[in-house]
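Pasting a structure here, questions to come.
Lettered A, B, C, D, E and F in written order, each chain numbered from 1.
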Amino acid sequence: SKLSQQQVDKTNDSVLLLETNLDDATGQQLSLTIKKALDLGAKDAWAEPIIMKKGRPAYKLCLLTAPEQQDFFVKFLFSNTPAIGLRIQLMHREIMERKIEQVQTVYGKVGIKKLSYHGVSKVSIEHDDIVKQSQKTKESSEKIRLAVLQEIENKGE
Amino acid sequence: SKLSQQQVDKTNDSVLLLETNLDDATGQQLSLTIKKALDLGAKDAWAEPIIMKKGRPAYKLCLLTAPEQQDFFVKFLFSNTPAIGLRIQLMHREIMERKIEQVQTVYGKVGIKKLSYHGVSKVSIEHDDIVKQSQKTKESSEKIRLAVLQEIENKGE
Amino acid sequence: SKLSQQQVDKTNDSVLLLETNLDDATGQQLSLTIKKALDLGAKDAWAEPIIMKKGRPAYKLCLLTAPEQQDFFVKFLFSNTPAIGLRIQLMHREIMERKIEQVQTVYGKVGIKKLSYHGVSKVSIEHDDIVKQSQKTKESSEKIRLAVLQEIENKGE
Amino acid sequence: SKLSQQQVDKTNDSVLLLETNLDDATGQQLSLTIKKALDLGAKDAWAEPIIMKKGRPAYKLCLLTAPEQQDFFVKFLFSNTPAIGLRIQLMHREIMERKIEQVQTVYGKVGIKKLSYHGVSKVSIEHDDIVKQSQKTKESSEKIRLAVLQEIENKGE
Amino acid sequence: SKLSQQQVDKTNDSVLLLETNLDDATGQQLSLTIKKALDLGAKDAWAEPIIMKKGRPAYKLCLLTAPEQQDFFVKFLFSNTPAIGLRIQLMHREIMERKIEQVQTVYGKVGIKKLSYHGVSKVSIEHDDIVKQSQKTKESSEKIRLAVLQEIENKGE
Amino acid sequence: SKLSQQQVDKTNDSVLLLETNLDDATGQQLSLTIKKALDLGAKDAWAEPIIMKKGRPAYKLCLLTAPEQQDFFVKFLFSNTPAIGLRIQLMHREIMERKIEQVQTVYGKVGIKKLSYHGVSKVSIEHDDIVKQSQKTKESSEKIRLAVLQEIENKGE
């Protein structure tokens, strides 16, 4: 989610879940809509396989947006899919505080997030950086991930 | 959804989502319950594959009803499935205004819905009519759909 | 499956599995194709949710046919779906021998199948008959199923 | 669900649904987390297949807890999964009143629940007891289930 | 599939299906592996949600390759996933002959494929071209698709 | 899979895939059957969500067995599920050679498998051992996994 790309200091917020069941959209349309929604600033977007009335194999399309984006994304979904109705819920969200850092390994720099929430703390390694350094150095992802973890431990995480 | 079979002038309403996780119902029971619920006036009904505790392959059964139908459909689900508990949520729904029309093509009459919502407008062609005319004329659905779209464009959509 | 509607004396046969991954068909198309295929004599037909390339939510459409129906159903699928390629496998099938009987209960007649296979034997109650008698008598399916089972046991199963 | 293991006199309560979309957890982690959550007192726990952004095959992990367990299970999920954010909803639940009883059959004792809700009543047979007696007596589950149902009917359920 | 990007004159060939059930890979790994496999020349690649032993939410990873690519892609899967075993099947494939053409519309050029198979013929419009022209002209995909279909019909498809 | 619990010297073998589509089994039955099959020596067992005819939410049950176990597991499935027909395929399997070892860490002993296949080599850590030591030492799985990886690297992997 977009959640993962930024510094976050608070531990909760509110989000809107917009969802619609689609038995008249193709997979091509669904994946294009998910991509567009994220490009336009939706917090998250996904699809769930469902079985609709008359035994129709279908997907439920789900969008997570900021409450103030409701109007924009309702119109977006009505314009980009065959949906004629959308269910909307306001949801509470608990989130971990995060601090973004860079770790220097022998395989290159890799971003990490130091995460904490009311006494719980953990580290999340940037997946895309692992993939990038793996392609550059021809080393396995596993090896690079290990190097990052060792580096973090050495620094006394 | 039932939403699609009628003239609608408003652009939002409220609906109830009733859901229950079932690892002790068969697929035969689930599809019968979905069909019965729609026949009895539920606004929508569907099933989602889930993996329950103890690794049980299962389905979540979901019903969308009007708020005043809660009592009726709670009893319906308790009577027609092995469910012993139901989760219930009130959901806001944004819906497109719709006007139902008939389009005359060389392949016969086909119903359409003219949909609009705060400046967004689109047309939805009645799937069942396409299927019916396709069976009657032995023409492909694609061809009939195209004829309808051309007719709409000619009339100045 | 069609397997279930007839008397069967042998315990194995061969069937063809035709399958195709579709990210450009709607759920409406898929369910119509499944229904048509069964009406035209396919032995079984179903859909499986899959995730295709470029992250597309999609369905794999599967048809089970007799080996001699290959040509017919390959053309059927090319005509009724956007598929441009089909994977085909010949599969061995082990099946239970079956004898169809009618059981008379206080709730009306219900069909059963007496099934056997190399020493294994069981009874299968006709689901559609249970549903029919349940609608006619307003008794629960469970009660009618129980009555059928008792009747079978009394007759010395 | 935990719902099924106890005597219940009321017909509704409130529960929390905690959910998070995970494209960076393995199935091993997910099933361990579901098991742990139930051992620690969650009311229910399950996973739903979803397709996340960038076309990632993923699972939505769902936990049902008592409202007062929120803090505990939020920390639990942040500690046991890679989740960095959780969506939380308060849900209303309608539940059937239940009375737990033992039924004595020729295959041994089997627990049942007598369920009722505003005039609807039904009986649920303890699945685990059926399995246990089936293993002990080498009789099929179907036969034991039938014996229980007959016993209940005889007692004038 | 790669099938769709090229001129094809024959109507059948043979392909290998490589598959493995993974409860120890993350969604990030799975989608990266699917993308890499296609970049390296696999004919198709996808994932199917499954429920593995011990109730583990998992995915089956499937690769379609040319028979002569077996060695390459077996090593690829062992190197890029935690798989320690792969199931392999040789599958027959029926495919439609195709001729690739360009159609000139008022919204720009769009590629089409003229498909035929033993008397069945149809046209497939290049989805990516529709998306590209839709982004350039700000017209809906539906409108552009319609223009292409009309153009084809005018030319006497 | 059972594959993972033993020393293996060869790099390929043959297995049978037994599968059946079930719309008349409950999730409880399916998970019990999967567990029983593995206890009785099946090589693997899993379920896939599918949508059967008449729009029935269902599961495909899959068993992987040795070719010589066919008779045993066909009877097993006919006895333990409502299946009246089973599809059977002989599948080729490529597998990695494996050597099982124990690694001593500060958190206790953990089993690993050294895997190799035609020049590809990797190490797989015993998931259950990680879980066990994590429960005993109250350390996170991640930390123990890291310790094992470091130990392997130190010994010259």
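A few points about this structure:
Rule of thumb we're sticking to: a contact is a pair of C-beta atoms (placed from the backbone, for glycine too) under 8 Å apart; a residue touches a chain by one contact, two chains touch by 3 or more.
What you see is a predicted model, and the numbers here were worked out from it, not measured in a lab.
Chains making contact with subunit B as well as with subunit C: A, D, E, F. Interface comparison, A-E versus B-F: the higher count of C-beta contacts falls to B-F. Interface subunit C/subunit F: under half of the residue numbers present appear on both copies, so the contact uses mostly different residues.
Spacing of subunit B relative to subunit D, judged by their CA centroids, is 29 angstrom.
Contacts with at least two other chains are made by residues 24, 28, 31, 34, 47-49, 51-58, 79, 89, 122, 127 of subunit D. Chain contacts here are complete: no pair of chains fails to touch. Of all residues in subunit C, only 28-29, 32, 49, 79, 127, 131, 140-141 touch subunit B in the complex they form. The part of subunit C that touches subunit D in the complex is made up of residues 49, 51, 53-57, 140, 142, 146, 149-150, 153.
Residues 22-28, 30-31, 34, 47, 49, 52, 54-59 of subunit E touch subunit D in their complex.
On the side of subunit E, the complex with subunit F involves touching residues 21, 24, 48-53, 55, 58, 60, 71, 74-75, 78-79, 82, 84-89. Interface residues of subunit D facing subunit B in the complex, by the touch rule stated above, are 1, 3-4, 15, 17, 31, 34-35, 38, 44-49, 64, 89, 91-96, 98, 113, 115, 117-120, 122, 124, 127.
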